[in-house]
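Would you mind keeping the following structure in view while I ask a few things?
In order of appearance the chains are A, B, C, D, E and F, and numbering begins at 1 in each one.
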Amino acid sequence: MPEPRRAAMVGRFQPVHKGHVKAMLDILAEFDELVIVLGSAQLSHELDNPFTAGERMVMLRLALAHSGVGPERYWIVPVPDAPMHSVWVPMVLAYCPRFEVVYSNEPLTRRLFIEAGFEVRPIPFYKREIYSATEIRRRMLAGEPWEGLVPAPVADYIKALGGVERLVDLAKTDKPKRPGQDEVSSAPHTW
Amino acid sequence: MPEPRRAAMVGRFQPVHKGHVKAMLDILAEFDELVIVLGSAQLSHELDNPFTAGERMVMLRLALAHSGVGPERYWIVPVPDAPMHSVWVPMVLAYCPRFEVVYSNEPLTRRLFIEAGFEVRPIPFYKREIYSATEIRRRMLAGEPWEGLVPAPVADYIKALGGVERLVDLAKTDKPKRPGQDEVSSAPHTW
Amino acid sequence: MPEPRRAAMVGRFQPVHKGHVKAMLDILAEFDELVIVLGSAQLSHELDNPFTAGERMVMLRLALAHSGVGPERYWIVPVPDAPMHSVWVPMVLAYCPRFEVVYSNEPLTRRLFIEAGFEVRPIPFYKREIYSATEIRRRMLAGEPWEGLVPAPVADYIKALGGVERLVDLAKTDKPKRPGQDEVSSAPHTW
Amino acid sequence: MPEPRRAAMVGRFQPVHKGHVKAMLDILAEFDELVIVLGSAQLSHELDNPFTAGERMVMLRLALAHSGVGPERYWIVPVPDAPMHSVWVPMVLAYCPRFEVVYSNEPLTRRLFIEAGFEVRPIPFYKREIYSATEIRRRMLAGEPWEGLVPAPVADYIKALGGVERLVDLAKTDKPKRPGQDEVSSAPHTW
Amino acid sequence: MPEPRRAAMVGRFQPVHKGHVKAMLDILAEFDELVIVLGSAQLSHELDNPFTAGERMVMLRLALAHSGVGPERYWIVPVPDAPMHSVWVPMVLAYCPRFEVVYSNEPLTRRLFIEAGFEVRPIPFYKREIYSATEIRRRMLAGEPWEGLVPAPVADYIKALGGVERLVDLAKTDKPKRPGQDEVSSAPHTW
Amino acid sequence: MPEPRRAAMVGRFQPVHKGHVKAMLDILAEFDELVIVLGSAQLSHELDNPFTAGERMVMLRLALAHSGVGPERYWIVPVPDAPMHSVWVPMVLAYCPRFEVVYSNEPLTRRLFIEAGFEVRPIPFYKREIYSATEIRRRMLAGEPWEGLVPAPVADYIKALGGVERLVDLAKTDKPKRPGQDEVSSAPHTW
């Protein structure tokens, strides 16, 4: 029995939104299985990366189940960042089931996979200016409604884990307004 | 809707064998979902760790499907090794969907999870002396039959990807017999 | 004999100033011992982190001795940054003597310790807008008087090691004004 | 006021024993202050490195207080291992208050400090064959009396934190006797 | 036979330009051999660091050959970034043939080498405002002529490897204009 | 002008010996240029890796000059070890000028390059049992004559830098004979 035909889609999914799901459904119409590369897996508790890899995995399964896609159609593979761009593609390949095609609109991701000999296809985004993880995090911080941009069970899950409160906490600061100012507390950065 | 009750099982799965599957079935009889922590995810192409994380993920899905368990019942989470034992458990927790109980027989794994406040249960192994990844790798290298120790589709998959040849290659050496001898070629080690 | 009751305070102490000392005295009025977590211990020779961990340790002891606090009342624990936020608290715990309470105003530090189950208390700062390491570094670079913001022996120590000259050197550049411009020399960054 | 004259002593202190204390007293008879470099600070929960840096710091203070030496006479500086031998000395120097002389019997430590231009003196050990951290760990595992080899408050502290049980747990294994055998559980190794 | 007298010059060489070559010729008029420290060797495929270490090595040899300098007069040593500034100089020393003097205008590089006891000399730049790697990358992105700023064989080499296209690709983005916005694709960052 | 035809040879060169040189001459008879991948570049001051990358670079140039091969025929590229085997080849490729063929007898090196699509050829060794870096280090430690196994200027260079004394120092120990015993001094290991 041959391996199924698989395509990969790379994202950070901070958080998963309806644009992601739409793209995944499109890819699954073309391929047997989808490999979801959950990038920057080691990051969490940052303004741009509030959710852990585990939380993002749950969101992805909830989102796809909500669209009728069972986990036998896809793989979720958390992959930590690479120490240098030139080894990122082989690192992804080592972490993932084999795939044939990559879907991405991100220029660096596209170029690295193309230089590695992969076919890379664009993702036809649906209402990109609103279905955007950045826009969702902005709305969460601004207290504006964001729930409509994500599948309903993802919204419920984020609320249940206190995701908005976490983001607000990360944005809160008691510091004087001069930028870069750091006082008593160290920010634990990556090495 | 509450989160499903989940238990975790930690392993390197080099390769997946029938003992693993038996343990997973036992755990799934007790819990809604199983979180399979695929440890040392970054390792491959070593005598003790021949297979990549991606290959081990495929083996796990093949093995469980062969026993009638669909992926909606479990999560496979590749986790790289930690830089210090004291941060390994929180690193696992950040990578995985939340779980309540850990199944493990490995003393260090047990102690680290117990110190972190988890309930840790032993795995009742089935014919441990033969259903063993070490035994399987030994048989592969010795040219002895190993296929019966793993689920049939796992054996097929390993053969299709040339896994035995890879292991034999890793064991082969043209070097004189004095131990530690290294000649022209550097072994690419972990940093 | 039971372990002493300890509280922790996290900081980078670039450099130690009177606001730090005031907060430490307040904490020591409540606890037997203070654990001073010297964060970002690996950093030095940067505009925001000019001093080495060793230099900061000396400053802390000088500052507390100047207020009549001997080292039997506190621990100074240099802790390097963590590779991911989710392991920073367990890493701090492994490096430090056990403590019960954390004092911090920094939102991320507060949240990470709270998620780890710690009681976190705010630090009532004294004249925060001037007793600030950022303000001190700014004054050092601007050639304005900064000595009054730090305990006298800390000022002497910084002068003796040529700290201001080091900071000025780090800020100096012969480069044309276009930002991000880098010429012949590589900046040695963290990995 | 000039900086005090300081000498450094490097060790892992797994655990602290009477031989360490004897050497420290000898050094303190010659120097104003002692810098105790607590090496391999990041390691714990290993057979050769059972105790965390924080636990070893407490042991050191207990041991020296038991000999009448207050912490104003010494510094304890936890230092993680370096990625390459050639940067270990400068890393130690960055973490520590300045010192003039190094006491060490370990050949690599001696050579690296000598190549860096330091005066390195040998440590005159007292009954080396029994005052040895390796011997103490061996006795702990064998159930033989070990308490007499460490200062009394260190023995009490180790017992209170369950140190012997931890060591025994780390040595315990349910695995079949073939060496290198690894089953279900991954050992969480350093990166 | 004594070792040749060597001077070092540190740079990232993204890309090599005529100002670099001029400085190298000046140094080679004073010393037997030049050690070219190729910094940030691990970086590539970034807007500020588009070229790999291997590509930069080729550029350097082409550029110097074009000025009549053969490789017996110099060493090219790719050195990855260090995890902390305080170990960068010893790391460079371990990677390189021994040298006596360092040529650099970059303040941090200068200070770190001076603190390590080296003689550091300034580089008399030739028309610095145009012979600048940043200016060259800017022109490449803007579609302006850049070829005159680099030695002719370097320009040919960059064109042959598609360097301008790579840079343009790295700068391209389909993202909406709000800064920091990240969509489906993760940028593979350094660890 | 097309790029020269290049072949790569991977080694640690601890130290360079006549077998290495013989192999290099053979390769240079077939190719325009040789890329010498100096592996484990970050290691030094270990029994198996006594020499720094810089020292090994000097040895290589001395050895090849002694055989009449100038540096315009080869590249020496120090490459640090990779964090995982699966990214080692792409890391080597990023550090090196492009090459077409790899010469290696080491099974892992061979397999990794073959899996990456390279042609890998064996190295016909000359008197392998004696022209061996391990044998040379063994003789150095045993006080037996080793100079005949390396090119004459390499022997002179090793003597001038005190290489034998370094190796002897690294092997010396004052420790009791029980293996694994570690006392006061920490061995500075890789992270």
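Following the convention adopted for this analysis, contacts are C-beta pairs under 8 Å (C-beta built on N, C-alpha and C of every residue); 3 or more make two chains touch, one makes a residue touch a chain.
Values in this document were obtained by computation on a predicted structure and should not be read as measured data.
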Which neighbours does subunit C have in common with subunit D? B, E
Labels of chains that are neighbours to subunit C and to subunit E: A, D
Check the residue numbers that subunit D and subunit E use where they touch, and answer same if over half are used by both copies, otherwise different. same
Among the chain pairs A-F, E-F or C-E, which one reproduces the interface of C-D, with more than half of its contact pairs identical by residue number? E-F
What whole-Å value do you get for the distance between subunit C and subunit F if each is reduced to the mean of its CA atoms? 44
Between subunit B and subunit F, centroid-to-centroid distance (C-alpha), Å: 34
Rounded to the nearest whole Å, what is the centre-to-centre distance of subunit A and subunit B, using the mean of the C-alpha atoms as each centre? 26
Note: subunit E residues in touch with at least two other chains are 42, 44, 52, 80, 82-84, 86, 93-94, 190-191
Please classify the inter-chain touch graph. Allowed labels: line, ring, star, complete, other. other
Chains touch one another in the pairs A-B, A-C, A-E, A-F, B-C, B-D, B-F, C-D, C-E, D-E, D-F, E-F
Taking the touch rule as given, give the residues of subunit E at its contact with subunit F in the complex, in rising order. 1, 41-42, 44, 52-55, 57-58, 70-72, 75, 77-78, 80, 93-98, 156
Per the touch rule above, subunit B residues touching subunit D in the complex are 9-12, 14, 19-20, 23, 37, 39-40, 48, 80-86, 88, 104-112, 123, 125, 128-129, 132-135, 190-191
What residues of subunit B sit close enough to touch subunit C in their complex? 82-84, 86-87, 89-91, 93-94
Per the touch rule, the subunit D residues reaching subunit B in their complex are 42-46, 52, 83, 166, 169-174, 176, 178, 180-191
